[in-house]
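What follows is a pair of complexes built around chain A, which joins chain B in one and chain C in the other.
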Partner chain A sequence: MSDPILTADKLTVRYGRRTALDGVSATFAAGEAVVIAGSNGAGKSTLLRCLGGAIIPDLGRVVPGPGLDRARIGFVSDRLSLYENWTLREAWRFHRKEFGIAAAGRPPIEGFTLDEGRRIRHLSVGERTLFHLSLILAQRPAVLLIDEVVHGLDPFLRERFLETAIGAMDELKTAVIMVNHILSDTAEIPERVLIMDGGQVILDERREDLMAKVKKVAGDAAFPPSLPVLFETASEYRRDRYIYPFREEWRRGSGAAFTDIGLDEIVKAFIGGAYVQKRAR
Partner chain B sequence: MFRKELADVLKQTACFLAVVAVLPIPIILFKGAPGPYRAVLAPLLEMGLVFWSLFLGASFLGREQGQRAVEYALSLPHSRLGLLIRLAGPRLLVELAFLLAGVIAFETGILSDSDILPAGPIAGIGLQLFSSPCPCPSSSRTSSGSAWSRSWAGMPQAWPF
Partner chain C sequence: MLRLNVDPASPVPAYQQVIQAVSIEIISGRLKEGDRLPPIRELAKILKLNPNTVAKAYYALEENGLIESRPGSGNWVKPRPPDLDSLRRSMLEAETKAYLEQALSLGASLEDVRSSIERIARHE
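So, the complex of A and B:
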């Protein structure tokens, strides 16, 4: 891993009696793309808000990498928080001033233009998301935090959004940390996957390693009981078992047919496994 | 941010003063006023000082909440203390100017003291009411349960940036 740009050091956040983050530690490198997935209430958004400075943890701290100042952290929250009564022009002027941005115009997003006189509250979710992203990109962010906003976009705008984020990664070596649990169209982006449950990081793996370690056995094929089953789904028509951590030597002699699966399905298996464990407790 | 907040608070204060200035007219016209315009205005202004102080304190971060911009404001590149100064500073300035002008107006006889209270204690009450809603931002890091005060907990320590 190259130099860390942002480190979460044993972050604990409590909302009353509920612990949203429970001693979470993670390090993010410059230019790295990380996806954070997990069940609802796992602590993903809280972690992102801590990294973005919107929440101060009860315990632990966020440690910036060398030379990183807060103006170069871009945070697109799932609430798409901006001053709603302002026009786009006013919002841009304010943002530029607060973040010390020298450029005269917002970076354009290909295929996306808006009347600067419109008020933010009149924008659709998609327009608002892309406008927010264009504000953030003007900061030339070293870290881009994106919290589950991709799902609100239509396929065309989603593609624009992702291409723009990837473009920033290439041009600025921006670390992109994205909370997302639908990975069907973003599966190729992350280099690393963090899965959270119960306010903790239960998995932190490089994507290739993770994909090599999780396999599926479909159907009722013979199955050695010693294999570690992460999650199992069974219905009248179908039975799937997800194995983690998988070892290549099990392909020989176990009698089961192990198939490779996509990141989307891997994340689903981990989340499903976490629910099963919760129910068992 | 400071200037924008100041402009907003000044605008609100001007609106409030305009309402207080107009209020004696219907009272004089329809109720049979107990005295001249200034005599009707004085108690209204005194009460106004108190209520306006409470409003100014309580509406701290009101624009951010009303426009769903709290998270955006918190992610601006300022420490919590810096943000507090930018947002609460203009309010405190306007509050002090407002109370000072009120005390001067009453003490110099531009407006006569009403029967409610002399201007000095009224200003004191006003300042207390202004500051009473403010402890939430400076609450300790363990005292709160809500996401809202979580955003401010540990404010003096701020973020490391």
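So, the complex of A and C:
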């Protein structure tokens, strides 16, 4: 494991009486790619904003890695805070000055160009997002925080966005921390998955380990009651049980057929399991 | 052009899918001795993979003796992979096993399966 680039140390954030983050700790390594998933209102975006310095937590702190310059933390969202009346050229000039960027031109996004004379307010949501990404690339980011923007892009722009992030990871060893509901939107980029619920991190696993540890049993096959069922869906015609953490030796002798499932379904099972627990309380 | 694909919905880890796909290209002869593999960054972009994933797959392919990495000039298909036949056989066996399980689960007999394969092979 390489050096941490950002560490969240027992972060608590309250909005009035609601606790959005409840003592969250997590360490992010230089150059790694992480996806944060979870139910609506789980605290994902709040965590990301704390990491980016946009929210100061009520308790706890965010510790930057040694020598990390704040200007090298980029936060991509589709709510670009620039004057709507500016042209792209003016916005770039402002951004350059703001961050002391030496580069003369805005870094290009392969396969995507915008007329520099257009105004911010005339950009579509997707164009804004990619424009914002190119501004941030000029900061040569050590960390890219990406808040739920990928799913709002059309398939063409999504490819351009992901390719650009991949290029930064390769060239600049940028760490990518992205919030997303649908993991397949993030292709195969994240190596690590965090799942949040109720302001806490309920799961933090390497992608491959997670895939090995969650299995599905379809149908009514009996299996020992000691097996940990994470979540169950049942209707008249179909019953699925999700097992976590799964152990290989259960394949023999338990009488049930365990099938591998993809990440989207795994995340669904964790979120579903968390909803069931909440209802039971 | 390489016929490489990675299925993000598949439960098979992406780096294993890359290893398998590149192995198939080499075993089939579509990638030949002295051919250069796409640079890590390019393959990562094409397949929307983490560059580390591609690097890990290339490293495993090197361990398997299929490719070699030349510092500064990328990854190249090695002259005559040592165990081409046994590799081909083991991959064929894995494919056959998966197919056979599916076919037998339909209630077909081994004889049905054999004659079905022969019939289809004749027509193609």
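As a convention for this text, the second predicted complex is superposed on the first by the 274 of 281 C-alpha atoms of A that agree within 3 Å, B and C clash if a C-alpha of one lies under 4 Å from a C-alpha of the other, contacts with A are read in each partner's own complex, and residues count from 1 in each chain.
The working rule: contacts are C-beta pairs under 8 Å (C-beta built on N, C-alpha and C of every residue); 3 or more make two chains touch, one makes a residue touch a chain.
Nothing here was measured: the structure is a model prediction, and the numbers come from that model.
Trainee: Does chain A have more residues touched by chain B or by chain C?
Mentor: Result: the larger residue contact count on chain A belongs to B.
Trainee: By the touch definition at the top of the document, which applies to A:A42: first (chain B), second (chain C), both, or neither?
Mentor: neither
Trainee: Once the shared chain is lined up, is A:E188 touching chain B (first), chain C (second), both, or neither of them?
Mentor: second
Trainee: With the two structures laid over each other on chain A, which partner does A:A33 touch: chain B (first), chain C (second), both, or neither?
Mentor: After superposition on chain A, A:A33 lies in contact with chain C alone.
Trainee: Thinking of the overlay built on chain A, is A:M169 touched by chain B (first), by chain C (second), by both, or by neither?
Mentor: The second partner, chain C, only.
Trainee: Considering only touches as defined above, state whether A:Y83 meets chain B (first), chain C (second), both or neither.
Mentor: Only chain B is touched by A:Y83; chain C is not.
Trainee: With the two structures laid over each other on chain A, which partner does A:G262 touch: chain B (first), chain C (second), both, or neither?
Mentor: Touch status of A:G262: second partner only.
Trainee: Common interface residues of chain A with chain B and chain C?
Mentor: Touching chain B in the first complex and chain C in the second, no residue of chain A appears in both lists.
Trainee: Could you please specify the touching residues of chain A with respect to chain B in the complex?
Mentor: Result: residues 13-17, 49, 52-56, 58, 61-64, 69-71, 73, 75, 77, 79, 81-86, 94, 98-100 of chain A touch chain B.
Trainee: Which chain A residues qualify as touching chain C in the complex?
Mentor: 31, 33, 159, 162-163, 166-167, 169-171, 184, 187-191, 207-208, 211, 260-262, 264
Trainee: For the complex, give me every residue of chain B touching chain A.
Mentor: Contacts found on chain B: 1, 4, 63-64, 67-72, 74-78, 80, 141-142, 145-147, 150-155, 157-161.
Trainee: Can you name the residues of chain C that touch chain A in the complex?
Mentor: Checking each residue of chain C against chain A gives 6, 8-14, 40-41, 44-45, 47-53.
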